[in-house]
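The following pair of complexes shares a single chain, subunit A, combined with subunit B in the former and subunit C in the latter.
For the complex of A and B:
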């Protein structure tokens, strides 16, 4: 609910791709539909009464901690697991009785699952052979996808003669070779080191843009989900908490869990002291009054939390003007290069996190450990949440 | 790791150990080339007993029977044993799994006399004429479990996502088995076959119980001849058997070694990035 309100209120937080937002179009028909899907393993509910629509051409990410049910959802779509109840519809067709080898989806496995006894070429051709494609067409297609992942010179090699990054590309090429309607990616970049992961992220996004294939990715890495996906579903305990664009998830989370799971956040818990229109005064449990703007209607006495991203605060050694000025002591400083993160112990005993962009080389602040510091945020810097 | 050096003590224990194991076999091989008819008296080098052997129809027939029984029973046992191994390692939760595991492994520890006797009783009960067929069936039933053990241990380290990937790419379960699973577990299946073949080759007890006229195996023939006195021909036959078994063992070791070398290389590459 909150997501809907937020997307209405914040028009600028749309898709990264201009003019691509089929989920806002009432007339658009979803390409994949999970309808009240539940999956139980023994007594454990991996997926709990989950409904979700994904549109053609979307790059969709399922984000959550391990054990949240995201991989089970992917495996059900691939056909390796059958839902305990509910329905999965792909391109208008109920998938219930269709075995994995007849589904128009292909999966890139977390372990890559390359056949160790076959060359790169044979690995990629494997799926095409099952289709009964003619020999000449197969070699043409293999060449084509190898070019796509820039591995033309490695066709004759065996998987054990490739580096981790090259194996990842072969796995990707193999899953794309059959031109599936949907490509499923299970932690596609999980096994790569940080530098390679960043490079590959952009290549993956480019590839999806070129091919217009629907991509569904499972990941526990919020940065990966934010960089790649058109929309993200944040999952916990087999349920979806919020489905929205990366910007909405970050700037307009619908619950404390989502706000806390994605990125860093300050959470002020408290009760509404006064509310006039969208102006709200919150009495925090630490005994402070903050003045904020609320996008959701609240009434006096209601328990709410105010979530505030660290980079939305200003910090200074000198007293600051404006609403919501907090004062405290510098407790911790972490220098990351592009940003510096401060932990300020406020005089009321609570701690706030402040991130400052290092826009100049010298750094504008002379703050160090145990200095007095002033922190300020505007009324619309954060978000009032009721759940 | 402690460094491992050839001290005098180590050399002596090694010599004694190997001598204890292989001296009798070596003696047998040497005496098979003895020119003398007396088994324990050296009369100069000769291959006469190998030529004699060639003319000994009884021994040759027995060898042929043994070879046929070994080839057929090892092949059938490998198919059945591999199937059992797959069922046991794949389907973790079917009713009677524990019972089946126990039943598959029981022949490993069952005294051969009991296996032989019970098979004999069965064949008598169902009125099956004892001969080539019954020996072969008996050998299938007692070598199958060895194949299962070998193949199952390989399947434990098998990455099941490979099979998922094959099916995801459109391969039916049958195609997946023959094009992905089998080629990867093949060394274990081959090792199982060789084990089954060797076991069948030197079995005396179970064959004695279950065979009939016209299907005397080589171990039975040798045993009955030895009771009348050891002839140098027996030494020659045994030397040939040892040669066959050695070739099998060396081949199995090389197969295994190749796999280990490849595995080590994979790990090195994976570690290197």
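For the complex of A and C:
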């Protein structure tokens, strides 16, 4: 069991696992293609000219705030909504004229949508019956998936006799029973409490690893997306802003929106004061000069933002050496256990978030509210963004 | 709860406080509960059970040329014992022996059953359409279903006479179109009774079915489609079973009053169709035989209540 969990955990650390990355392979054929898909509801554009390729065996996450079009995208793939324009191709087949009940995809609904008048067993057998599977094979398959979600003892129960976590497993079992080519998950862990959600995350990752089925998940929870997915598409206003591995999304966001949406971030707005090679000096709008390294070419006078994750800064009560030393007053402290988060009100009036990893048991730093504090970051700690 | 000096008094006072507190809270909550449960209970006892017992007592009496027209009466407490001894089941024996009553019962139950099925067949698609309509329309649609209640029931049934009679609107329409040459005889036939009952009771069937369909989670039918079930099959395996509570409620609301219906068969069905409501009326007003009329009514209640009670017990067991 420990080994299993470890494999699941390994797999979800996008930056570490590199044995599965078909999106980097030029020769790989996408399993699912959205081609210039647009969906309008009345005057509202839910999905706007969106193109996306997903590969076989991928665990793909659509991440965004509510109303960003992620659920509509999933529902179009399931066949509940038809695109206003554009094409959806699954395993080489255009899905346009195929009704939901003939698509080789299954969905796990956010509300679970378990049939309340049927037992767990019958709920799971429902899809298999539609295929005209023989009775003996059905009960065998039902037993198999119940075992997969560890609910063997609950086959005869009705949905209202189960806890929330158990219902979630039944919904998962039911959507897996037909062995779909693609499993669609609409906020699969949204209704569970935090503790259960964390446990279930690993089980879900583990399950996907065992089955090698393509999973597409919709979520508004960035942590969930980062834990589970091979790749994440960050969506806003019907468009995809970035598709990348969790680590790339976090460490190399391509826009301010993505940087801000995923995780905590400090954003320094300003103009390029001087640029020589990859060395850039930015004059921030708060009237400070910061010296950073840029991966993108910029010219003097260009408006840029510098995004910096809180854990990439150092904090101290003593003056610090190195580039980019900022000084201010401790405004807020939040102790989370593994990290302590500081809000430092700088002397220019702006606020900087700093996360200090509590690597030792007794933090040597004894900063408290209203103390003077020094904050420092290296030139390559953050990222220069022009969008 | 005064000041206490000695320790033992404190103890006693504490015990007393706890008791008082429990007693008081129980008292106020208990009072509330008694009111909430008691009012409908009193209503049922006063307006259903007591009248029923009076009718039941009359059904055990004998006719008499008197005021009230039956014997015995329970006036003077001294004669109660002899009065009790005069009660008998003679009227029930009479009902059982005369075929007229048996025929009236079976006809009433048959007409009620058939019109319930007809009403269901019309109300279900209606309710389904309402439940699937855009949410903004639904309130209006429910209003339209209730709208006929704003006119007197009697006037609406009279209106059907004008529509169904040989020279009425319906026949005129059919003859103008050229479907028929001779007017159809609909009025004063069982068909007219069916039309009257289905029309009058349609809202009672539509609204409970609508209520059960409207609150059904739409994602259930999507889940069924997702698992490979075509729309018609989804209807029979998911939608219909889940709307059964509404269907059952609607069927009771139509079947029970339809079985005892008096106005519709009297106005639309003519004199040849003798339903049980009409029989009670005849016994009461034409024959002035209150005991037999009461016995007929009691048997009707028994015929309706017993199957419902059995059905509900089975539902509870499921």
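Please note the rule applied: the second predicted complex is superposed on the first by the 369 of 387 C-alpha atoms of A that agree within 3 Å, B and C clash if a C-alpha of one lies under 4 Å from a C-alpha of the other, contacts with A are read in each partner's own complex, and residues count from 1 in each chain.
Assume contacts are C-beta pairs under 8 Å (C-beta built on N, C-alpha and C of every residue); 3 or more make two chains touch, one makes a residue touch a chain.
Small disclaimer: the values here were computed from a predicted structure and weren't measured.
Enquirer: Is the arrangement of subunit B and subunit C around the shared subunit A a clash or a fit after superposition?
Expert: Verdict on subunit A: clash between subunit B and subunit C.
Enquirer: Looking at the overlay, does A:116 come into contact with subunit B only (first), subunit C only (second), both, or neither?
Expert: both
Enquirer: Using the superposition on chain A described above, determine whether A:161 touches subunit B (first), subunit C (second), both, or neither.
Expert: Only subunit B is touched by A:161; subunit C is not.
Enquirer: Does subunit C touch more residues of subunit A than subunit B does, or is it the other way round?
Expert: B
Enquirer: Quick check on the superposed pair: does A:106 touch subunit B, subunit C, both, or neither? Answer first, second, both or neither.
Expert: A:106 contacts both subunit B and subunit C.
Enquirer: Considering only touches as defined above, state whether A:144 meets subunit B (first), subunit C (second), both or neither.
Expert: After superposition on chain A, A:144 lies in contact with neither partner.
Enquirer: Residue overlap on subunit A between the subunit B contact set and the subunit C contact set?
Expert: 78-80, 99-102, 105-107, 109-111, 113-117, 126-127, 130-131, 174-175, 178
Enquirer: Which subunit B residues qualify as touching subunit A in the complex?
Expert: Residues of subunit B touching subunit A: 159, 161-162, 164-172, 175, 179-180, 183-184, 262, 265-266, 269-270, 272-273.
Enquirer: Within the complex, which stretch of subunit A touches subunit C?
Expert: 78-80, 99-102, 105-107, 109-111, 113-117, 126-127, 130-131, 174-175, 178
Enquirer: Which bits of subunit C are touching subunit A when the two form their complex?
Expert: 217, 219-220, 222-231, 233, 237-238, 241-242
Enquirer: In the complex of these two chains, what residues of subunit A are touching subunit B?
Expert: For subunit A paired with subunit B, touching residues are 78-80, 99-102, 105-107, 109-111, 113-117, 126-127, 130-131, 160-165, 174-175, 178, 193.
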